[in-house]
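Two complexes are shown next, each including chain A; its partner changes from chain B in the first to chain C in the second.
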Partner chain A sequence: MTPQPRKESIVVLDNVYKYFPAIETIFGRSKAYIRAVDGVSLDIYEGEILGLVGESGSGKTTVARIVAGLLKPDSGRVLYRGFDIYSGKIPKHIRRKIQMIYQDPEVSLDPRYTVKQTIEEALRAAGRSTNETKDLVRSLGLSEDVLEKIPQQLSGGQKQRVAIARALAMRPDLLIADEPTSALDVSTRTQILNILLELNKSFGITIMIITHDLGVAAYMSDRIAVMYLGKIVEVGAAEEIIKEPRHPYTMALISSSPSASRLSKVNIKPIGEIASQINIPKGCRFHPRCPFAMEICRREEPPYFDVGDGHVSACWLHGGAPKT
Partner chain B sequence: MSTRIAYTLYSLARMIREDRYFAAGFITILVVIILSAAASIISPYDPYKIDLINKLRGPSPEHPMGTDQLGRDLFTRILYGGRYTLFLSASAVLLALVIGLLVGTLSGYYKGWLDLIVQRFVDILMSFPSIILAIALATMLGYGLETLVIAVAIAESPFLIRVVRAAVISIRDLPYIEAVRLMGYGDLYVILRHVIPNIMYVVIPQVTLQMGSAILIIAALGFLGIGIKPPTPEWGSMLNEARAYLMDYPHLLIFPGLMIFLSIVSFNIVGESLKMRLDPKARSLIGSRSRLVWGLYRGGRRGLDERNTSY
Partner chain C sequence: MSAILAIESLSIAYQTEKGLLRAVDNVDLRIEDREIVCLVGESGSGKTTVANTILRILPPNAIILDGRVLFEGVDLLNMEEEDMSKIRGRKINIVPQNPSTALNPILNIETQFCEFLKHKKGIRERDRCREIAIDLLGRVGIADPERVLKLYPHQLSGGMKQRVLIAIAISTSPRLLVADEPTSMLDATIQSQILDLLLDINRREGLSMLLITHDLGVAMSACNRIYVMYAGEIVESGSTERVISKPLHPYTIALIDNAFLSFKSQGIKRAVSGEPPNLIDLPSGCRFSSRCPMAFDKCVKERPNLVQRGIDSVRCFLYHDASA
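Right, the complex of A and B next:
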């Protein structure tokens, strides 16, 4: 993917692979691998909100963990502001600027820590004064009496706010939100999403939001990347992806999302279920489910075609000259 | 900190009120410990003082449990014996806990080859009944209070290592632990401040159950003459001394035996109750009534995990 002019990449994923052994044997050798991330290249631009979309099993959470520096990829490079995250040479104070918000608020806070302790711990790590705890909590719309409470006494939405406050205490430049709303009540989802939008707007925090819900991605993102079976199949401006998807998988995803399908005219049905991550189909990995599958799709993996203005799609339907 | 202690005491009081099996076990343990600790205040006799004129007497007002073959007051010896049996067991279990936390945490937290080696070693230790292991170790290390404690601790430690490791593995990758790592805190901080405090709910019941098992081993070693030796009043070695009088003076065996029995059962009941209370997943179809039966049946080994986790 060519980086667009004027936009600076904060994160560069360069041909990243991560396989997990499917069967753990005593001697640690496995013949079958789950190909969770199977050659992903992606740029995240400074100040944007990037939505990473895909079904469960598409490897999007693995990508999130790799970007966060929590999971070393088998091969490929992950650069954050030019530093290789996994080289050990990235200064600690820079690495700390990547923070994460998790899916399940039930397990994202230490059950034995009060809200105050949780946030003070983060403030201390960032070298900030613990006097800021109150302001931080208040800035997220929580009242001060949550400070002495433990997670068990908070609602899901409150917990997620505390988790965001904890991440903010580190003054992050990049927030990775892994399905931040899928475990929440419908009524609190929008609030959490709006908090994230607000953080992006007022502090310029770059956000990568992982979601299976194209509606959420459409609401949040500047750009959307669609992932299928460990590979990114389409990337582009959010509006374009929703209104004029070019990859059949994206079309299928949009058709199956009640909120996103209203924004788009596309309507196709994929055939069957997501294939196993162990036996990824030859050729285009989507071809067994694709209603437009051609002969070449069975044989050869499609390269990325540039379909205009940084919008890239990996599908033989585009014909023409491949981008890479 | 003080609020935490207050909360612990409050929970304890609530458990005693709500769970009568726990109450029975807990109070029995408490009474035995207090009596042993206050032995010199409660009893006017010297546990070693030989009085051959009054030997082998049955229970009487002056000697509530009678006297033994050398005329020593049995009640006094039982009180002093509690000091040995309980103190040694507690020391052994504490040492086993230290080993268990250290090895189990490292093994579970770092996984990899270290875990592999440690777990195979634990497999080997577990393939022997802990009492056999303790006998072998005690014989190998030679006689002495410290070596006895070490032998029993090693024999007990595999169970704690397993429990700690499993608990550590279950939480090491949880978001709240990961988030602390993302802040840039080191492994030691993460382990001490977040991992260990959050696994104590499985460790505490296991430690209590291990106490029952340790008492049994200490007493057995005493009985076999490998552990505490006569004339030291340890419950197991008292049984050993009394063996010859089984037919004619059964009280010499009944009272120390009863103490061993009561202590082990109490620790097991308390351990089981704690497990039910602290681990929400362990709450079972088995009602509180049959827990007593289970506590007796299990003899201080492992949990009811297999029975409880499904459904």
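Right, the complex of A and C next:
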């Protein structure tokens, strides 16, 4: 057997925590915390598309903002090409390399700016010539007549294309896409997803896509990480995660999604509802909803078990020796 | 079978500053007794306008251009508001898209339940009302109805609020439930629970349902028959199984292909290019022609009729010859 080439990590999250105060007393001290990110370690490999999947309250958007350099974690390290981005002020050249696009593209577009002004401003900030504006806009399948329009005059799909163009002006090597298509109709959704796939394939831009939709994650991702209540419960190759999920939460999520369950054979229904991020259940945080919960699940938090070939799952069902 | 609801050649427009917006054009739709029918379409297709017409809650700028809405054989559009208010909220009830805005935030669940029962069923005694409410909340899968009655909406999760609203909706033993995107604000695992509940209620309470959704996955798992809407028109209808497995209209074909994504390794899906037409300035030919990969000369010039074959119908010139 030939040895597999080692995958280079572009980003390493090392035991990252981020809590937000939930109820503040008059002295500004918090009595309860929302444990949005509760000990996350994750690598994003150079050139891959990583899907980060979870329901609302899973902490996936907080992870996205931490990776994007927008939110300093309480503890843990975030390395971009080996450089700890929160060790001081984030250098400009690094900030440009990591770009983010949002569910609502208007977040990154100034409502008073025409498309032309938005793109030109970004190109100037990146030290590029504004002559490239037309090419950039055209490369995203937009016609030139959008250049003089303001965001309000554009459709949802057009706005997302402009937001992507703006991000590309910075020549990023990591693009973080937070639910980029969940405000769009299905027919427009594929257009935007295909643009992202093309950016990954042709320019080698690494992409982390945050989504609640496992169908989108399957279509886009090389690897999928599943989050539940602030923790990653399972990571692995996308097809394996969908076809042979090992964590009961992943199984439940797939069974609940009509589009993803067509790609898989698993079918289990989770019990009850997602717990609050303030009172996270003891032991395994999924145990109150898990149809397979055992005694140990109520007491002890499961470690990560390596279930084969980089596929990792935090569940006591796997038994054996945990991954160290 | 007798139809609970029969919509016949319904056309609705909105008066806007830029002109008449043709939201719904010549729509026919039937719901048989105990049937669950889905109206599927993307934003702006007119599906919510159809729902609002059935309930007669159209905004003031809406104009009913033509058509009838027969409920148990009586035309709702010709009815005095006084008579309509005896049907709306009694024989026809609604399950809203956003459960958070449908409940009053300053009243607890018991008070809201009792208000509704007093208004719609003339039940004034608090004890009697509480008894009915507890029974109904049990029937929608709420484990501890006594406790839930004392709570305020902000203390309930989205899924629980939707359950409460479904309990209120079935309290008058309606014949028809109109559910406008009842699960699109909910997380995946909760969404499938609410869908299961609606199916269960359809069986147990013996009522018919019109489910309006943009999500073909939801339609697939819930409905007996599907109507597909595009730019204000019904473009296809048929049994759920037939529409999903053998779609006829190029728009339905594209919609299904784009809704059920596959793995990244399977390659890129062909996206539908472009956007839906402007409903104020509609094209003279087929409304999907500018985006249709199979369009020919005639499609741009003439409007296709809806061709009916048994329970299947399709509005496309590709099928015109076969039926002639």
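FYI, the second predicted complex is superposed on the first by the 310 of 324 C-alpha atoms of A that agree within 3 Å, B and C clash if a C-alpha of one lies under 4 Å from a C-alpha of the other, contacts with A are read in each partner's own complex, and residues count from 1 in each chain.
In the analysis below, a contact is a pair of C-beta atoms (placed from the backbone, for glycine too) under 8 Å apart; a residue touches a chain by one contact, two chains touch by 3 or more.
Bear in mind that the values here come from a model prediction, so they are computed numbers and not experimental data.
J.: Please determine, from the superposition on chain A, whether chain B and chain C clash or fit.
T.: Fit.
J.: With the two complexes superposed on chain A, say which partner A:Arg112 touches: chain B (first), chain C (second), both, or neither.
T.: After superposition on chain A, A:Arg112 lies in contact with chain B alone.
J.: In the superposed arrangement, does A:Arg96 touch chain B (first), chain C (second), both or neither?
T.: First partner only.
J.: Tell me which touches more residues of chain A here: chain C or chain B.
T.: The partner that reaches more residues of chain A in the superposed model: C.
J.: Have a look at where A:Glu46 lands relative to chain B and chain C in the superposition and call it first, second, both or neither.
T.: The answer is neither, since A:Glu46 touches no partner chain.
J.: Based on the superposed arrangement, let me know which partner A:Asp306 touches: chain B (first), chain C (second), both, or neither?
T.: A:Asp306 contacts neither chain B nor chain C.
J.: Once the structures are superposed on A, label A:Asp104 by its partner contacts, choosing first (chain B), second (chain C), both or neither.
T.: Touch status of A:Asp104: first partner only.
J.: Quick check on the superposed pair: does A:Val186 touch chain B, chain C, both, or neither? Answer first, second, both or neither.
T.: second
J.: In the superposed arrangement, does A:Asp84 touch chain B (first), chain C (second), both or neither?
T.: Neither chain B nor chain C is touched by A:Asp84.
J.: So if I take every C-alpha atom in chain B and every one in chain C after superposing, what is the smallest distance between them in Å?
T.: The answer for the closest chain B-chain C C-alpha pair is 10 Å.
J.: Give me the intersection of chain A's contacts with chain B and its contacts with chain C, in residue numbers.
T.: In chain A, no position sits in both the chain B and chain C interfaces.
J.: Report the residues of chain A in contact with chain B in the complex, numbered from low to high.
T.: It comes out as residues 26, 68-70, 92, 95-96, 98-100, 102, 104, 107-112, 121-122, 125-126, 163, 166-167, 170.
J.: In the complex formed with chain A, which residues of chain B make contact?
T.: 116, 174-185, 194, 197-198
J.: State the interface residues of chain A toward chain C in the complex, per the touch definition above.
T.: 49, 55-56, 155, 157, 185-191, 194, 197, 212-216, 218-222, 238-239, 242, 252-253, 255-259, 262-263, 269-270, 273-274, 289
J.: What does chain C use to touch chain A in their complex?
T.: 42-43, 157, 159-160, 187-193, 196, 214-218, 220-221, 254-255, 258-265, 268-273, 275, 291
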